[in-house]
Amino acid sequence: MNSDKLKKILEQLASHEVSVDDVYDQLRQISVEDLEYAKLDHQRHLRCGMPEVIYCPNKTTPQITEIFSRLAAKGENVLATRTTEAVYASVVKAVPNCQFDHDANAIFLKQTNMNTRDNNHYVAVVTARTSDIPVAKEAVVTITLMHQTVEEIYDVGVAGIERLLSKVDVLQRASAIVAIAGMEGALPSVIGGLVSVPVIAVPTSVGYGANFEGVAPLLTMLNSCAAGVSVVNIDNGFSAGYIAATIARQCVHGK
Amino acid sequence: MNSDKLKKILEQLASHEVSVDDVYDQLRQISVEDLEYAKLDHQRHLRCGMPEVIYCPNKTTPQITEIFSRLAAKGENVLATRTTEAVYASVVKAVPNCQFDHDANAIFLKQTNMNTRDNNHYVAVVTARTSDIPVAKEAVVTITLMHQTVEEIYDVGVAGIERLLSKVDVLQRASAIVAIAGMEGALPSVIGGLVSVPVIAVPTSVGYGANFEGVAPLLTMLNSCAAGVSVVNIDNGFSAGYIAATIARQCVHGK
Amino acid sequence: MNSDKLKKILEQLASHEVSVDDVYDQLRQISVEDLEYAKLDHQRHLRCGMPEVIYCPNKTTPQITEIFSRLAAKGENVLATRTTEAVYASVVKAVPNCQFDHDANAIFLKQTNMNTRDNNHYVAVVTARTSDIPVAKEAVVTITLMHQTVEEIYDVGVAGIERLLSKVDVLQRASAIVAIAGMEGALPSVIGGLVSVPVIAVPTSVGYGANFEGVAPLLTMLNSCAAGVSVVNIDNGFSAGYIAATIARQCVHGK
Amino acid sequence: MNSDKLKKILEQLASHEVSVDDVYDQLRQISVEDLEYAKLDHQRHLRCGMPEVIYCPNKTTPQITEIFSRLAAKGENVLATRTTEAVYASVVKAVPNCQFDHDANAIFLKQTNMNTRDNNHYVAVVTARTSDIPVAKEAVVTITLMHQTVEEIYDVGVAGIERLLSKVDVLQRASAIVAIAGMEGALPSVIGGLVSVPVIAVPTSVGYGANFEGVAPLLTMLNSCAAGVSVVNIDNGFSAGYIAATIARQCVHGK
Amino acid sequence: MNSDKLKKILEQLASHEVSVDDVYDQLRQISVEDLEYAKLDHQRHLRCGMPEVIYCPNKTTPQITEIFSRLAAKGENVLATRTTEAVYASVVKAVPNCQFDHDANAIFLKQTNMNTRDNNHYVAVVTARTSDIPVAKEAVVTITLMHQTVEEIYDVGVAGIERLLSKVDVLQRASAIVAIAGMEGALPSVIGGLVSVPVIAVPTSVGYGANFEGVAPLLTMLNSCAAGVSVVNIDNGFSAGYIAATIARQCVHGK
Amino acid sequence: MNSDKLKKILEQLASHEVSVDDVYDQLRQISVEDLEYAKLDHQRHLRCGMPEVIYCPNKTTPQITEIFSRLAAKGENVLATRTTEAVYASVVKAVPNCQFDHDANAIFLKQTNMNTRDNNHYVAVVTARTSDIPVAKEAVVTITLMHQTVEEIYDVGVAGIERLLSKVDVLQRASAIVAIAGMEGALPSVIGGLVSVPVIAVPTSVGYGANFEGVAPLLTMLNSCAAGVSVVNIDNGFSAGYIAATIARQCVHGK
Amino acid sequence: MNSDKLKKILEQLASHEVSVDDVYDQLRQISVEDLEYAKLDHQRHLRCGMPEVIYCPNKTTPQITEIFSRLAAKGENVLATRTTEAVYASVVKAVPNCQFDHDANAIFLKQTNMNTRDNNHYVAVVTARTSDIPVAKEAVVTITLMHQTVEEIYDVGVAGIERLLSKVDVLQRASAIVAIAGMEGALPSVIGGLVSVPVIAVPTSVGYGANFEGVAPLLTMLNSCAAGVSVVNIDNGFSAGYIAATIARQCVHGK
Amino acid sequence: MNSDKLKKILEQLASHEVSVDDVYDQLRQISVEDLEYAKLDHQRHLRCGMPEVIYCPNKTTPQITEIFSRLAAKGENVLATRTTEAVYASVVKAVPNCQFDHDANAIFLKQTNMNTRDNNHYVAVVTARTSDIPVAKEAVVTITLMHQTVEEIYDVGVAGIERLLSKVDVLQRASAIVAIAGMEGALPSVIGGLVSVPVIAVPTSVGYGANFEGVAPLLTMLNSCAAGVSVVNIDNGFSAGYIAATIARQCVHGK
């Protein structure tokens, strides 16, 4: 039941064209859908600044291109993750301003004003090894599209603890930290012991044998002896970036 | 090397009692420990307002009592989790002001001024079922000891979705949400789709058979199709509360 | 917003005490909760004949007693599963007409007229071994409380296939079959090949070693080479009985 | 022992060509095979309206073509699942009336009169995401070949709960629901809480990392807190459709 | 249809009291059950010498006592596995000749003539450690009740390979070998390389940590690089003994 | 130390060319290797009739060709498993009499007299589905090379139990049965209940989803409720055939 | 064949009491056992200084007491692990000089001269948390009984990295390090990056939920990104201590 | 803060250009990084003789070439593992003296004097099967680059125990043993029972079915009943070689 229809019914009641009981019965029939779309609008307001996101695996190039174009038309930032340059070649024809991030394997479109960023508040994105960087870059592009600032710190795994310790100050001043590690996945635990802000841990599928494609670092992170560590799915740089950005945003603007 | 000793050496150099080379050599020998304790002090400052925490399993009653007393003497709030009323009977003799939370199975001591709480910013702690409440209460006592406000919403599991939907407004206004569920663990996904703040998901060991003592809801939460959901270990109400409180605190005070 | 309040507002509009815009604004504010309770009522109608169910593990005897009493007061059948005779001793004081099923470890209360049962339509509840009978009995008591007829066939496991084959006729005439097996769990596959009605398979935790407390028969049933087999959680006699009864009910009455 | 042979023996006894003892001994030797084929005929009668089904993986194109042709000759509907258009190119030469469903990757042949369908009774086939549609289509083609009506509802996953809620009425009026979801697999639990008909849940292998190729949604569904949910193997749209159709058929015709 | 009834019908036909068609129709109705019981009798003949077996877990003492008594009345050997001396105290009152094996935790009754044993053919039962002996003894009592001879070789695990090698001759002359090991479970592989007779491997739950209650030796045995090794369930001494005895029996008597 | 050398030393002692102490010292130095090769010879005698076997994965075509040629030169039967026709093209150039089995993907060379086979004793090789036949054929070629007779029974899975029952007699007269099944793997349990000879169960990787590439039927078989069933590794037709042949051989010849 | 018997035979040959052929035949019959016992003696020499060890679980108090007494009579050090003070009460009656280590839950007897220890070479035993100390103490008592020196460093887990860094010098000078950790198990990786000696990692079962009783730290350690880390079974302090001591012993004495 | 800067500050204090308090404040600001690099230098001294190592998976050919060149410039030995001849073709253009090991799939560069090797001390590298040799060769090239001697013993798996026993002397005289096995992985347990030096066990991914790509031998090795066995990750020949070489080095030189 859209607004026009609802108003019309009420006006009919006011003009006594319909009875109170008729209107009452009709209102009892209001589908949840109508109300929920109202809620959805409200929710969209809350979500202002969030990019529209397309998870590309299991989608064809034409599907991705069509969805990207449709979302771009809404005027929001758009992000397509886990895609390829070949897909980008198709999307960019439809949406000429979109860009491809080779490290993150992501297509993105910036349409909102990025000047609202507050460099005093930032998310630190940290990796244990060079090979974890693609996951990190997915987080970075997500955070950036959400108007937040990023500090990138790569290749500071725990087997060379001095590299990590040299970055303690940058870590301690961050609003939130995305800590990414494959292999044994110990990085977030060590970082969690050094800072007092939330650490979002991302296990990666970098490793072999008893790594079980990321299960080993996933378990390591879930069992972290440091209290401030929560975990997202294996290789899920997008969610980690999204969460960190929602935290940083609250620091900057309040909600 | 403590401050006094360092100053004394520098003064000896200033008064030429020792040579530049002597001091240089001594400084090269500064153990990491000395420096790290400096760091630790700095870090403790950052951690102001965090409770001291004792994880009680595998510890004897005398050990818990002794550790609790020692931490209480520092003047900070103290929290002992996963303990029993029998242990409390021992601890309260040593620390008369400490209290026992029967729901959370936690002993706690409030020593810091709670008036700094800002009721406009709060953490929502939500459970799917009544049987998840003990885990929720561990989160609640943690958040409270960290000077943050809590809204508790219990028994709103997804098999009766209308109960959850009736609380949408409270959820959407929270700074962070702790979402706790056993069985199939779907609650955080549904909440994650309704809000734009971080959701810290806690799987519980409530269930049987193919629940595998919490593994089923853990996997559900890690695979959440909602972007803002991160996960902590099974039954880990403390960490979830801790993380949510660090987020809320940033909203209130900045870091 | 309850019915009375809604009617009152509409009457005020009809009597021009309030404007169309005022009512419009108020209706936009209708909380989902109010509407959902309307839905719930509607839903309850659909659910007519379903027992109210209490899953007892993780609940104290006073809690179970209180919930049982409250549900009993609604006039519907009530079922408390996975409980003990000790709990029954408490519940029966509060609800004198309730009964205890020693095989199913269930407390139940029949309050609705059972005469609607149609003996031409029935659910067959079948077990592979004697030790699977407690799970079967949980299904039986559930089906009975849902006003459906049950045929019980026990100890017809596949290692003595002649026992099962001697019951083919009873199986083929059922509206639905609950097939319960531990150990290797092959019974539902064989039954599924003999009938053309839905088979709800229940793996049980009967077994040892590589049975993994019911995982082996669970996997067997999920991989059934017979098309009509679906599976519920390990030892979940209640759900299997519930599903079978909803199928049988449709055969008898339509929905 | 076929009918002719049996009759002949009995006639020989009637004409005293053989003794009672001779016939008795011969009858004791009746092989199970003979009798079982009788049973099979009986069973086939029960199965009237069921399509003949070919599971194509691990079969060569010539094998599939030959089996399809042979089954087509029986006059029943035929369904070949998990195949490709290349296989179809071969089958259609042998069976010109067969069709290919690109979404379901299935070849099918309709030979029975579809006019028996009753549109007042239908199966609802629901997916959480667009990427689950191929599994849904396998269910749809199966149900259709079994002469039942289908309502398709796609992309109503729980992270946008308003989309699902807008379809509650269609769901509640169905005879059975096939609920299909990958990722975290929460959809069937939410549906199960909204309806009072059987929900057949199908986990899909859509997801990554801790999804473990469908294990995560499989566990979610097995642990569903809603009572009416049973589960089939990962990606098994065929079995789910088959089960739902056998339920709907009973609603329409009785068995 | 029992033998008497069948004969009577045939006699009626011979005396023309009934027609050929009547008998034909009646015979077409012979239930599988009747025929299968015939089969069962035949099968029992094949099984001559096999003990009747009761798996005791999940059975009450009265149940075990009753089943044991009933089986004892058939005149065959009876074996009750995984039981206790307390149960024996009850069974022996009902069946005074039964005995209890403290090592195997088994109650057994010998009623058949053991003189048929052929000491030139024997089963070797071998364990890696002393703690595997209870499983071995379950195999030994099973083999003995099946009229076969046993050679017991204990505590010859691979970490002291000289102990095993000193028994090579006894192993090589056996008709079949039951090889039992917990911990890492390597014993059957080494034995399999030394002999040319079937090795039935039994993993035991002796071990800790990454032993996973017998899963580690189970996997070791399934992956054995020696060709003659097959495996039974964890701690399943009974099945291993049963299989070995059926092999030895064929060596002695043919089938 | 070979026989000649040993005799020579003893003769030197007898002729007093060397002292007792010298010989004693020399004998103490006898390496295990010398003695073990003696053992090996003895063992080889026992193994008479066993084919030499090459497991081809992880080996290059030249390696397989070279090993095959070398083994062929010993005069025994040779079997190369899990290989391809391309490898055969290379091997046959070096060993012109070898043959390729397209079903088993095996190269084999028969060099021993097959006339010793006793058709009254045979191994039955049974599969649940057509897609399990390649594994069956690996067993068949192995058994044949070991001079034993095979009866092949395919596509008699438990979802159409009448097909299996029609073969009961052939199964009951076998010396040993190799029972092969993927999917849910229930076939060996049903067979085990029908016969009194050893059943060697082979799980296959035929299946999908919760089949876990053969783990589901593996667990089914390990948990078989029939006593005579032992299990080999997934798809391991060779070992199953080898074991069955060693059993059949004992029936025919004794050891 | 013991030495005396062998010499006697050779002497009989020298004196021509027996023929060369007789001796030759006898020697061919030398059982592997005889020779292996020779090997065993040699091996025992190598093992000089190793304690005799009894793993107590699954053994009764009388068994442990008897074995302990027998080993004590050999004059070597004896160690009984995973036992209790109640068992000690029995053992000490038989072996009055034995001692009980309450932390390690071990009974031990020192009978060899400990003065050979070289304090310049030591094993460092390190734990992440206080609750890992019992496992550490099992390593310590093992190392001590093997005449090696131990440095104990406890409660230096990675969530407070400054505690570990303050001990770097002690770690870097050790001959080998036993690194013990439960929870997420990251300690050995960090230590491995700081030293150039072997690190033997011991996962402990300290933890909960997704720790899976030590599996999480086990996987962490197996995936360590530091090269010098090898792993033993969960809670296996004995093996870790044993390995470290064999390394330290080589540093001190050579082998 | 480098040495020059520190000296300069101290000299300024000595010459009273700055105050004690100024210097004190500056020193309090010394970043951990500065100090840690000092530590690193010290550590590098300890690590003298260790090769620089590049783990190649997930790295591009240009990346590997660049890193290899940079490390080669340091004058140490360099090792690139798990690479290909194609990568070598690129690296050798930049570093002409580097070599490719086809068995180990490793590129290495020897720049240090190998004459320090002591052939009386060696590491034994042992494999169960020929297919484990590539992992062995990775260990061999690592050990060689660390200036230690290697004895290679291949294809001595436990199914032919005589082959292993013939090498006992070589094993017993080694300083450390790398024992490599796939399939069931029993080799290290048997070796561990024959020697008194550390055995580093390497499970390989050679196998199929229930081998689970190396998990089966991994579990076998972790559960070894021999005390001296520790384990590294599946196929991790490098770490095993590294650990063994650090042990052998201590035997030769002390640390």
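Going by the order they are written in, the chains are A, B, C, D, E, F, G and H; count residues from 1 in each one.
Just so we're on the same page, a contact is a pair of C-beta atoms (placed from the backbone, for glycine too) under 8 Å apart; a residue touches a chain by one contact, two chains touch by 3 or more.
All figures in this text were calculated on a predicted structure; none of them were measured in a lab.
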{"item": "Comparison of E-F and C-E (more C-beta pairs in contact)", "value": "E-F"}
{"item": "Label of the chain whose CA centroid is most distant from the centroid of chain B", "value": "F"}
{"item": "Most distant chain from chain A, judged by the mean position of its C-alpha atoms", "value": "E"}
{"item": "Centroid spacing, where centroids are CA-atom means, of chain C and chain F in whole angstrom", "value": "51"}
{"item": "Cα-centroid distance, chain D relative to chain E, in whole angstrom", "value": "40"}
{"item": "Averaged-CA centre spacing for the pair chain E and chain A, given as whole angstrom", "value": "60"}
{"item": "Residues within chain G bordering two or more other chains", "value": "32, 36, 39, 161, 165, 168, 194, 209-211, 215, 218, 222-223, 233"}
{"item": "Each pair of chains that touches, named by its two labels", "value": "A-B, A-C, A-D, A-G, A-H, B-C, B-D, B-G, B-H, C-D, C-E, C-F, D-E, D-F, E-F, E-G, E-H, F-G, F-H, G-H"}
{"item": "Contact set on chain A toward chain B in their complex", "value": "39, 43, 46-47, 50, 53, 168, 172-173, 175, 194-198, 200, 218, 222-223, 227-233, 238-240, 242-243, 246-247, 250-251, 254-255"}
{"item": "Chain A contact footprint on chain D (complex, rising order)", "value": "130-131, 161-162, 165-166, 168-169, 206, 208-211"}
{"item": "Chain B - residues contacting chain G, complex", "value": "31-33, 36-37, 39-40, 57-59, 63, 203, 205, 213-215, 218, 233-236"}
{"item": "List of chain F residues in touch with chain G within their complex", "value": "3, 6-7, 10-11, 13-14, 16, 19-20, 23-24, 27-28, 30, 32, 35-36, 38-39"}
{"item": "For the chain C and chain F complex, residues of the former touching the latter", "value": "128-129, 157-161, 165, 183-186, 189-190, 192-194, 207, 209-212, 215-217, 219-226"}
